[in-house]
Each structure stands twice: as structure tokens, then as C-alpha cells.
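Pasting the structures here.
Here chain A shows up in two complexes: once beside chain B, once beside chain C.
Then we have the complex of A and B:
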């Protein structure tokens, strides 16, 4: 049986953080296709204009220019076509209000970006375990 | 209150708010490039492959260690700036149980002997539980972390009077030299070089700020066995001082 890999959309404005996710994918031997948007506005455009196949998973930063992660989440949760996408927040913000806002908008997980790349590889491995279930 | 006194009060509150916001924003925005330094160092190390020169390897680990220190310092600054903004719920705590929880969460308890002594009419009290936990945890953590003996004795004595709890945390460790005693509550101050014992130097600063906020007092005295005694007066009725 050929496994159907889910598409993933990463919404992240920092170049190094994008490279970090890509590296962590390679390290974990993750072959899923990864699309990148630099902020919430760009991500919405990509999702609504069918530039990319509809992803099942979104990895979302919170502090971004133009439209931040929480604003983006609110919009997709009200959109019939997008509201069922699993969203993982990945951020440096340890602020309670951000966590509460995110969970109120039904996120599948809230990941604090760790300082070390080794720990980040482990976080991504955990994510991989989750979306592997979506692929079955 | 006179009009000018009230105006001063308002300005003071506004300044405090501005300071807290400043520290918070700065700490957060600094974290992204800081994490980038740590990450890119790891990538380069990784890309150099397995035959990497030992000196280079050591320098990479130094670089990452110092960035980690920077992160600890930033986290401590963040925590300080948020002391009277977060975890401000009063709820019922059982004092001996809270102490037990603090002990359980200590990193390294090898060869540590805890001696608890409670002299309380009522073990339960309604207080800022998270804050009390933080203070007791920090003092226990210091007592253990900086202890220099094979067997580490740590003493916890808690008693009460009508208005406050008297919490005494002491040890038979190295104590603190007289000439540096007035510095121990300063942010990032460590008695030993950070290369000897990697610590951030924020625990006592955070603890003393919490104690001041609840209207209590914290005091250091040397013990007869050369160890340290930290005495805290924690009021039963808390009126938060901003």
C-alpha cells in the first residue's frame, strides 16, 4: 500500500525558524510536503486560492507581522472549508493568555520553541507521530 | 491624599506598567535571534560531520552554554517583570504538603537529608500558593545546590503567630561570606563564578521581590555551624503592594 502523506503548512515569519523546521524534518526523515507562509495574511491567501493542496496540518507561529497567529486561527475556525484543519502552535510565547486563546480556538498542541536544536528535533518527532495517525 | 500626591501615585503606576511592558517585549524579541544563534551553531557543528576537531567541538559547546545562560537570564528578567501580574490566585494550601511538593521537584536530591519541623495551629491556610511555593522552592534549591558537604542537611522550620507565618530554611553548607551578604539579593549576582557553578543568580532576587510584594520580610543570618539561615515572615492576610 502506498501511504498518502499529508501536506503541512508552516506559518512562520523568521527565516531561521523556517530553516529549523526544514532541518528537523530532514533529521526525523519526514518526507511530507512542507509549504511556508510568512504571516497570517499570506497563509489565508494560499489556503483560499488553492495555490497549494489543502493541508491537513498547520504549524503556526504567534508573533508575526500583518496578521498574528491568534487572529489567523480565529478566521480559519469560522471558515467552513478550513475549520477542520489541525493546528499546532509553535511559539516562544509562554504567556498564559496566548495559551488560553489558542486552546479556545481548538489547537491540537502548543509547542514552546526550545533553545536547543536537539530538543526541537524531539518536538518535531512528536508532531510526526500525531500526523502519522492522520495518514492511516 | 493631596492632589499632588495622587498625581505622583498615578505617574508611578504608569511608569511601573511601562517598565513591565518594556522588559516583557524586549525579552521576547531578543529570544528569536538568540535561539537562532544556538540553532545555527548546532547546524554548523552538524554539517562539519563526525571528524570534527576537538577544539572546535569545545568552542561550540562553550558557545551554546553561553547562549543558554543568556536564555536563563532573559527568563529570569521576564519572571521578575511579571511577579505581580501572574499566578495571583489565593487558594487553600496545606503548608507541609506544599513543602513536600517543593522537595519533590528539586533536581538533585542525592545525599540530601531534609529535617522538617512544624509548629502550626492549623496546617491549612488561604494564601498566594504559587508564590509561596516559588519562594520555598528557591530557598530549598539554593540550600541543596550550593551545599559543599557529602551529606547535605537542610532544615525547614515553620511556625505561626496571629498575623504571620515564620518560615526558616537553613542548612549546614558553606554559608555566605560576610563581605558579599548585602549583594545576594541583587539580580544575576552569584557568589561563585558562573564557570565554577552554573547558576543564573536570580532565585533570591525573585524570592525577595515576592516576599516584599506580599508585605512580608526575608532575612539572611549565618548559622552557628557556618551554614545559612533564611528567615521569611509571610503575612496571613495579604495586601499586595504594587
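Then we have the complex of A and C:
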């Protein structure tokens, strides 16, 4: 489906993971503009101060300093301007409590970070195909 | 993916038939359930005749005649047992207001409804890959 490329915000504290997402985007020819915040507090600042254009998609880590992913999700779901953003969790946390909390806050998907970069590229390819079906 | 029920809310016989065929062609193991309108869907989710296990995935044609999709999603989102269901919305009508309402209710995706057989197989193939790539709670 041909549509305007939406902006994506990655909320991730680990610099290696940020680099991996950027590389996986390049490998999969994903041309959407990608903004990065290092934790929930920084992401909220970016979203509320209009430092960046409002993203339609957020890729969210769970375990982060200052404000974790679940706390961040709770806040944006209660914010009239931010609540409709599609959120995809991408984390190493395999805890059932994190999955339950994330789905109760209506994330569009909970993805476990694959250990190898090859698998990571495939995960991002699957996401890209899914996004291509969606009207944002 | 967990072998759970998938509930499709739609009343187009051809789409339902093509969906059943696509699921079997792709080899999707989940049990497919259908409801022809929002009140039938609600009775499959709630009360003494509800589906067990409850579906983790739903697909709703939001603009089909006789289906009040927004009302259904709204009820699901306010129900403690149901609010975590992943809801995918399909439509072949461009209705900006309903799309906005659906996105505000945090659906997992708003998608153009495929109509040709081949298109439907390709559509569910992508969705199935996506469902297989994400984690569900136990």
C-alpha cells in the first residue's frame, strides 16, 4: 500500500540495540524517519515539547533507567494527544507479567529481541511487512 | 504463536469462505470462529456461552452493514477479561472518522480489506508471520 512514510520513535537505552535497529532498518530498506530516546522520561519530553514531529509508531524497550517501558506506556495511554500511537514492545524481558501489562495497555505486539543479528533482521522484516498492510 | 481461538466479526460469506481456505492453505493452526455481528461477537466473549479459551486475536470489519464495530471494541476495552485482545480492523470503505475512533481505541492495525482469493491468502500470510513473531501472555 502506497502511503506517506510515518515517523518512528525508538525508546531504548542500550546503544548497541539502537545501532542494531538502525542497521536492521537499513538492511530492510525501511525509509521511515527514526528518532531515538534513551528512556521513558526523555521520550515523553520529546513527544510533549514537539522537538520531533509526532510519531505514529513507537518501538519500546521495557527495562530502562529513570522510567521503564510499562510506566511510559501507562502515561501515554492517559494522554489525549499521545494515546493513539501504535506501540511495539521490543525487549529481552520474557516475563509473563511484562507481557500481560503491555497487552493490557494495548500494545500492537510484544517482540522478544532475538539473540543473533540475522534473526533480528528477520524480525524487523516481518514488522515492515505488517506495517505495509496498515493504514496509519 | 499460541494455539488460541481467532474471532472474526464479518458477515460477508465470500470473505469468510476465502478466509477459511486461506487459513488451511497457509497452515494456520488456530481455531477460527466467526460472528456475523457485534452482538453475536459479544455473546461469544462474555457470559455463560463465551468461547474458551477466549480469543487473543480478533479481526473486525468495521464498516460492514449491521456490525457496530466501534461499540464492540469500546466494550472490549472496558472489560477487565477482554481488554488485552489484539484487535485488527479491516474495511473496504474509507471512513476517516471511524478509523480515528478505532485508532483511539488502540487497535493493533487498521487495514484495507482484501477481496480477491489470492489477495486474501497474501494478507493472512503476512498477518500469520506477524502473529508468529510476537509473544503472547500465557
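The rule is short, and it goes like this: the second predicted complex is superposed on the first by the 130 of 136 C-alpha atoms of A that agree within 3 Å, B and C clash if a C-alpha of one lies under 4 Å from a C-alpha of the other, contacts with A are read in each partner's own complex, and residues count from 1 in each chain.
In this text, a residue touches a chain if its C-beta (ideal position, glycine included) is under 8 Å from a C-beta of that chain, and two chains touch if they have at least 3 such contacts.
Bear in mind the structure is a predicted one, so any value in this text is a computation, not a measurement.
Q: For the overlay on chain A, clash or fit between chain B and chain C?
A: fit
Q: Where does A:130 make contact in the superposed view: on chain B (first), on chain C (second), on both, or on neither?
A: In the superposed model, A:130 contacts chain C only, not chain B.
Q: Please work out whether A:104 is in contact with chain B alone, chain C alone, both, or neither, and reply first, second, both or neither.
A: The second partner, chain C, only.
Q: Who does A:96 touch here: chain B (first), chain C (second), both, or neither?
A: After superposing on A, A:96 lies in contact with both chain B and chain C.
Q: Determine how wide the angle is at the CA centre of chain A between the CA centres of chain C and chain B, giving a multiple of 10 degrees.
A: 80
Q: Which holds for A:77: it touches chain B only (first), chain C only (second), both, or neither?
A: A:77: touches chain C, not chain B.
Q: Answer with first, second, both or neither: which of chain B and chain C does A:116 touch in the superposed model?
A: first
Q: Quick one: name whichever of chain B and chain C touches more residues of chain A.
A: Of chain B and chain C, C contacts more residues of chain A.
Q: In whole Å, how close do chain B and chain C get at the C-alpha level once superposed?
A: Closest C-alpha pair between chain B and chain C: 9 Å.
Q: Which chain A residues come up in both lists, the one for chain B and the one for chain C?
A: 94, 96
Q: Given the complex with chain C, which residues does chain A contribute to the contact?
A: Checking each residue of chain A against chain C gives 1, 77, 83-84, 86, 94, 96, 99-100, 103-104, 106, 108-112, 123, 126-127, 129-130, 132-136.
Q: Give every residue of chain A touching chain B within the complex, in rising order.
A: Residues of chain A touching chain B: 14, 16-17, 19-20, 23, 63, 92-94, 96, 113, 115-118, 120.
Q: Under the stated contact criterion, what part of chain B meets chain A in this complex?
A: Per the touch definition, chain B meets chain A at residues 28, 31-32, 34-36, 38-40, 42-43, 64, 67-68, 71, 78, 86.
Q: Would you tell me which residues of chain C are touching chain A in their complex?
A: Touching chain A from chain C are residues 77, 83-84, 86, 99-100, 103-104, 106, 108-112, 123, 126-127, 129-130, 133-138.
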